[in-house]
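In what follows, chain A forms one complex with chain B and a second complex with chain C.
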Partner chain A sequence: MEGGGSSSSWVPESRTLEEEQENADKAAREMRLHFKITRFIMEAGVKLGMQSVPIATACMVYHKFFRDTSLDAYDPYLVAMSAIYLAGKVEEQHLRTRDIINVSHRYLHPGSETLELDSHFWELRDSIVQCELLMLRLLNFQVSFQHPHKYLLHYLLSLKHWMNRHSWERTPVAAAAWALLRDSYHGTLCLQYKVQHVAIAVLYLALQCYGVEVPAHAAGERPWWQVFSEDLTEQIILDIVSKLIQLYSLDTEIS
Partner chain B sequence: MDWDLLRQCLAAHGPSLFSLLRCEQYENLQFRGLLGDVAKGQQYRKEKRVDNVEVQQFIARKADLLFSVSWKPNTAVVSEAREETEDLYAIMPPLEQFMEVPIRDKRELFFRDLERGDVVIGRIGSIREFGFFIVLVCLGSGTIRDVAPLEITALCPLRDVPSHGSHGDPLSYYQIGDLIQAAVKDIDRYHEKITVSLHSAALPSHLSSLKLGVISSEDLPVHYKQSVALASSNSQIYEKTLEQSLGFANPATVEFLLEKLGISESDPPSLMRGLQRTHFSDEDYASTLRKKQSASWALKCVKSGVDHFKMGRHVEAMNEYNKALEIDAKNVEALVARGALYATNGSLSKAIDDFEVALENCPTHRNARKYLCQTLVVRGGQLEEEDKLLNAESYYKKALTVDETFQEAEDALVKLRQHIQKSLEKREKQAERQAEKEDKQKQKKVETSAEKLRKLLKEEKRLRKKRRRSTSSSSASSESSSNLSPSSSSSTSSSSSSSSSSSSSGHKKCKKKRRKHSESSTHSMKHSSKVSSHQKDYSSNDGWYPPPADTSASFLNQKQEMEKLLERQDRLVCEKAAVEEKVRNRFSSSVEILETTRGRSEDSKGSCTNSKTWASGSRSASDARTERHVASRRDSTDSFHTKSGEKHIRVDKELEGRKLHPASDSSHERNIPFSAENCKRDQYTESFASSRKKCQPGRSEFIQNEYPRKDYRDSEGRFGEDLEDQKPHNLKSYGETSVKKNLPQNLLNIFSQIAEFEKEKGNKQKNK
Partner chain C sequence: MQNVRQVASEAFCRLGLKPKHTGYEELTDLDAAPWPMNSLQPQWYHTLQVRRIRAQRTRSNSDPLQGKEFTQGLQWQKKGLPFGTASSYLNLEKLGEGSYATIYKGISRINRQLVALKVISMKTEEGVPFTAIREASLLKGLKHANIVLLHDIIQTRETLTFVFEYVHTDLSQYMSQHPGGLHPHNVKLFMFQLLRGLAYIHRQHILHRDLKPQNLLISYLGELKLADFGLARAKSIPSQTYSAEVVTLWYRPPDVLLGATDYSCDLDIWGAGCIFIEMLQGRPAFAGVSDIVEQLQKIWAVLGIPTEDTWPGVSELPNYKPDWFKPCEPQQFGITWDRLGRVPGAEDLATRMLKCCPRDRISAGNALHHDFFSTLPPQLYQLPDARSVFTVPGVTLEPEICDLFISGQRGLHLGRHGKRW
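Up next is the complex of A and B:
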């Protein structure tokens, strides 16, 4: 339960068994909700034509925001919409609020007519912009993040050269790793672990998925993941992989 | 499903994954059916690590996504030109260098993975007579490997060294220690022997531009330089090297590498069931939604624009339309509405543009089609008026291509083609008349005041002699006009007058033709009915007009024939002239009158008597015409003359009456299409600016119609300048001169009444 990690502010200091149980329930509930909202961010992101990194930033902004605040105080969907808007600015893939509102409205009211550009629309727009300002302040204007994406791609490239080119071409390791990395933003993995570690973990899982082994893995002085990140242990990788797989179980739970 | 991939996976994970797969993908019929086959020949790897059940479970659950064919990375070879610079992405030294893989393994893997066509770079170790050996330094294409420590030698045989010129040993160009870039030609994996070639034919197609042969150390690939730098430094940390690299800091690196690795960002992969592309409807994408929203917003603007338009606020309406088009540049409704507004304001070309764009975007839009046709026809009409007949024709044709059932355009086109024909004829005739005129002018010089006096005398005699003379002169004139070589002065004058009258009538016909083709034919039909003896002439007269040509081009091609036709027509004109003269004589006046009329129009300062005779002549002539139109039978012109004053007014009134109730009467038929057209235009747009303009020619047309004599005079005097422009002026000048010349009081009254009537009518139309 990454939501219940020590970094979360709402975890109380003193706890009884009962309280702990209660907290766990709450955490599970919240995790599910956040999963749902981040799913919304990703889906909207795809429909808005956002690239992976801006979507990741939006999720990061969202997760960070709710790590520091309570769900009761703010509407998560509004926060998500503002996060998308803000991420577009941060990652220089500017999005129009109009598109964000349209897509979100359609997501929340499937099959509905497109919104008229009336006063209601402008109110929605204002609320997004207001919320964006609020989020900026809450995040201390630190909305620029390091993402595992860049690392992962370079790892993939290095690996590609070391592997037999035919087995590489046959195996969609790159796509799988990319998919895993994108999906990992449903949770707060990227807030809990070093970005390099997350990148290596998704690569590790992707290789496992296709039963691919890095050549001369055993023969080398150093395992391949340690080359990419000095301070990484296999245990960390397995932790991350495990948490990632747990996230996928939520996928079926929600739908 | 990619079964090879699945087998590979199963081989790695062992039978536990197989059972999990069976369990998790039970519902997937594709899996169930084929897992059995897979199981049969499946071999599992001997050395097994501890099974990671969680991972296996995951694989089993996501197997349908993981092994779906659609996930295959696109293997399209991105031309790996070595121009890829460091700042696009971090070019890292080979991975095995960091992993510190033993040389034995590296060597094994190198020989396993090296392929024909790969580019290798090496240093010449020794040169023999059969070729030279290079010690490989690094790889130039394909994979990046840490080759240098392996100290692999490759042979470049003599036949694979291109000869530089015809003389000498090709090997003499190479020295030990030279850096050579070569393509792998052959690999003996078992004996670990490599043969390379310097011929570019050995290169794969996507690298064919690569230069083989000696290279300088600057040309060495980046990864080799990095590798060397890394080997010399103490800290061999991948992370550090990566983060220090310039390319890693490049924000565009993600995009670049995604393309390089074949990952799609527009259709990003996901292992989440809910994020599969198939779950998303195209309707929900931002661009689609925006388009829809913009369309409805634009429509709103159009609506308010239309409201403004209805209230007569054209500027506001235009602003709204423009706003709508700014929002949605392809909005059909906005385009149509703006087009209509343009048309209303008289900017027909802009209107046509808008309608055309609208139709392009929505070919089924009925209003757009309708308006476009109407506007095209109106524009064509304008052009016709400006005498740009071919342009007008193209507009009509365009209208017909837009809507082939558009009657108005078809009518206009037919009319126009006849008009074109007529104008050609007219031009021909004008040229002839010019020639004639010159002839006449020569004769005219002989005409002195004495002659005029003689004419006056003749005029006095006119009433007495008329009947007898009319027959004789007509026959004389027909003769003289046919050979155009007059012997006596009287016959000269008569011939010239008759020819001029005939040309004038021809001219008249042209003018009428422009408005209404049927007019002239009915007119001539009238003649023929009047003069039954010359019916044959008239029927052939009708035959002058060849049937309308299909296109202007073909029409022009027929010009040669036309000229022939016109020649024939000239003869007919002569004959007809005689006939007409006869008619005229019978009704009112002698040839002399006509002649003097012409004379006066030529030398503008006519004498009092001259003008008098002209007045009576013109009056009687117009009376004659009027009478023809009214079709009342009158046997003697004498009796008609006596009560001409009253008669004229009555006729006028009658004409007015007809104007108000357009009947099939020939003289006023031409006004009908006009008013109809005006009506249509008005209906089309409330205040069509040009509709007022349009009325003007209509009025002058009427004038022309009523005073054919004057027309004739004018055309005679001006050699067929545009009559329309002259008409009102002509009327005025006529009024003035009539006052000056002290015409009989009753005639003066008549003319002033006519003038007043004209003015009134003009005002009425203007007011309308």
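Up next is the complex of A and C:
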């Protein structure tokens, strides 16, 4: 990249390593922060009565925004609040800014009084609205997303018919898969992989957790997931699974 | 408490103080466009348009100035203007007012194209209207000859402007200019394009949800474009419920009138079927005046009151109360709407689109292959998405009957084929 072939070699090794270490630290710090904020989005979303898809859209908007922007420039909690507001509009589950502010306030300052309807409150509301506009501009108005949810539903139904009833009913695979899918939005998985692949990977991990074996496709001995998605490889599944596990270790680290 | 308020308002300040951010330069208002308007007389446009109709064209016809060089000498046009700024467009005249926006005819100073500017004023309490967000986010992903093209989005402090391609009329106006039913060949071409557009959006899992003649734009050549995606949405799990109040009553299917919320592509097919009959017959298929009950009665008068046998599940719908309605027997479509019987295939296609039971309605993709369209050139089925049907040789609109009468009065020979049906 430096132009000539050997000219780049004079940079001391140690410095690059240091820089790398610094970058890795920064990335880990940001990842932890985004984890915390998406947890805020999800908890506030549940308190606001949002369904899973609007919550997923809010997380997606949030992650996409900070993929393209620096954390130093914007307050992540404000961005999260606007993401919730925007997701409500996109997914037709309309929310009032007032409710979002009250729920967020209660989340960030547990045990405190509700906010007065004073000028500060109106400023806060204007900030959410302005931030929403900024986000729309930054994301180029591309805020309708496909989510893995409908695929997961479809896969779960097919698998249920496919497997014997006892091994299916003995274990809460479906509930575990949904939980994994919801938690996957704590990270940027949703931006990196195809929705079908994410749906299959959470199902794969849920099956593994309970040691449930899926009978392979009789004729070609194809693994079950290949029937659902032609272009999926085992490597992709394992990548997604390891990122999921990383998210869970982050969870124990933070709380 | 102090905290969230503080960080939020600090962040707000930062928002305003970052002029270098992507596309965040200050924008001038539309009205404050620095270029003089007086060089653009309405008269001048009229001439341009007349010239354009005469010119033989094979490409998209929606903007009269595209590809023409006769405006080159004019001074108002400037090279190097960016997209995304209000000063790149001149506002010409107000075209109408929609539910959440005002629409102006305008002209682009970037490439001399006529454009439609949809100016959305933002109420600060609620931010950007959700219909605007949905319309923009869906249209961004749609590129098709039968879907209106979104060129550009402009943000100013108080308004949001969507820049669309300019299409000179819509089906509602077209039908009122040609009363008494349209030429069957033209109905065929319009219907083919409508279904082609619907098949495309349905493939992308998007419903239009608000089909009506006013939302179908018609260009000079006869290109039909679906517009107004404010109520459209990407459909997700089929079991998901949507909010009930969406379609204008006349074009609303019986299942939605009965309170169903689990509709899918079949919703748009019903609307398209109603428009089909209205084009041929010259009046709306089911023109209820007052309320849902009357609208349903109009439908039952032709299709008969549905029962569990003809429509499994109908009795479980919230508004299903058979004793509200006068008993009626199903009628032949060709008897209710006489013109349907006179065009081969029309009655059958309409019957397949207007089924009471949503699951029985034909899909847009299958409807395109219906016998009704068998007289059209087969190349129409091989067109790439972005190509207009009028690029196929031999595909043109026929003059409408009342246009022929007007030219006949002017002394043109009319022959013996005054009425063709």
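Heads up, the rule we're going with is that the second predicted complex is superposed on the first by the 234 of 255 C-alpha atoms of A that agree within 3 Å, B and C clash if a C-alpha of one lies under 4 Å from a C-alpha of the other, contacts with A are read in each partner's own complex, and residues count from 1 in each chain.
The definition used in the following text is that a contact is a pair of C-beta atoms (placed from the backbone, for glycine too) under 8 Å apart; a residue touches a chain by one contact, two chains touch by 3 or more.
The model shown is predicted, which means the values in this text are computed figures rather than measured ones.
Of the two partner chains placed by superposition, chain B and chain C are both touched by A:His149.
Legend: residue contacts after superposition of the two complexes on their common chain; A:Lys160 is shown touching chain B, with no touch to chain C. Set against each other, chain B and chain C differ in how many residues of chain A they touch, and the higher count belongs to B. Once the two complexes are laid over each other on the shared chain, residue contacts for A:Asn140 go to chain C alone; chain B is not touched. Once the two complexes are laid over each other on the shared chain, residue contacts for A:Leu115 go to chain B and to chain C alike.
Contacts of A:Leu238 after superposition: chain B is touched, whereas chain C is not reached.
Judged by the touch definition given at the top, the superposed model places A:Glu92 against both chain B and chain C. In the superposition on chain A, contact of A:Leu71 is made with neither chain B nor chain C. Of the two partner chains, neither chain B nor chain C is touched by A:Ala28. In the superposition on chain A, A:Ala174 makes contact with chain B only, while chain C stays out of contact range. In the superposition on chain A, the residues of chain A contacted by chain B and by chain C overlap at 53, 92, 115, 149-150, 153. Within the complex formed with chain A, the chain B residues making contact are 4-5, 8-13, 52, 54-55, 57-59, 61-62, 66, 71-73, 75, 89-90, 92, 94-96, 98-102, 105-106, 109, 112-113, 115, 142-145, 237-239, 242, 248, 251, 253-255, 257-258, 260-263, 265-266, 268-275, 277, 280, 283-287, 289-290, 292-293, 296-297, 300. Residues 1, 3-5, 7-12, 14-16, 18, 21-24, 122, 124-128, 130, 133-134, 136-138, 140-141, 153, 155, 160, 233-234, 236-237, 242-243 of chain C touch chain A in their complex.
Only residues 39, 42-43, 46-49, 51-53, 92, 98-100, 102-103, 106-107, 114-117, 149-151, 153-154, 156-162, 164-165, 169-172, 174-176, 178-180, 182-183, 186, 196, 205, 208-213, 215-216, 219-224, 227-230, 238, 241-242, 245, 248, 251-252, 254-255 of chain A touch chain B when the two sit together in their complex. Here chain A touches chain C in the complex through residues 53, 68, 73-75, 77-78, 81, 85-86, 89-90, 92, 94, 97, 104-105, 108-109, 112-113, 115, 120, 123-134, 136-138, 140-144, 146-147, 149-150, 153, going by the rule given at the top.
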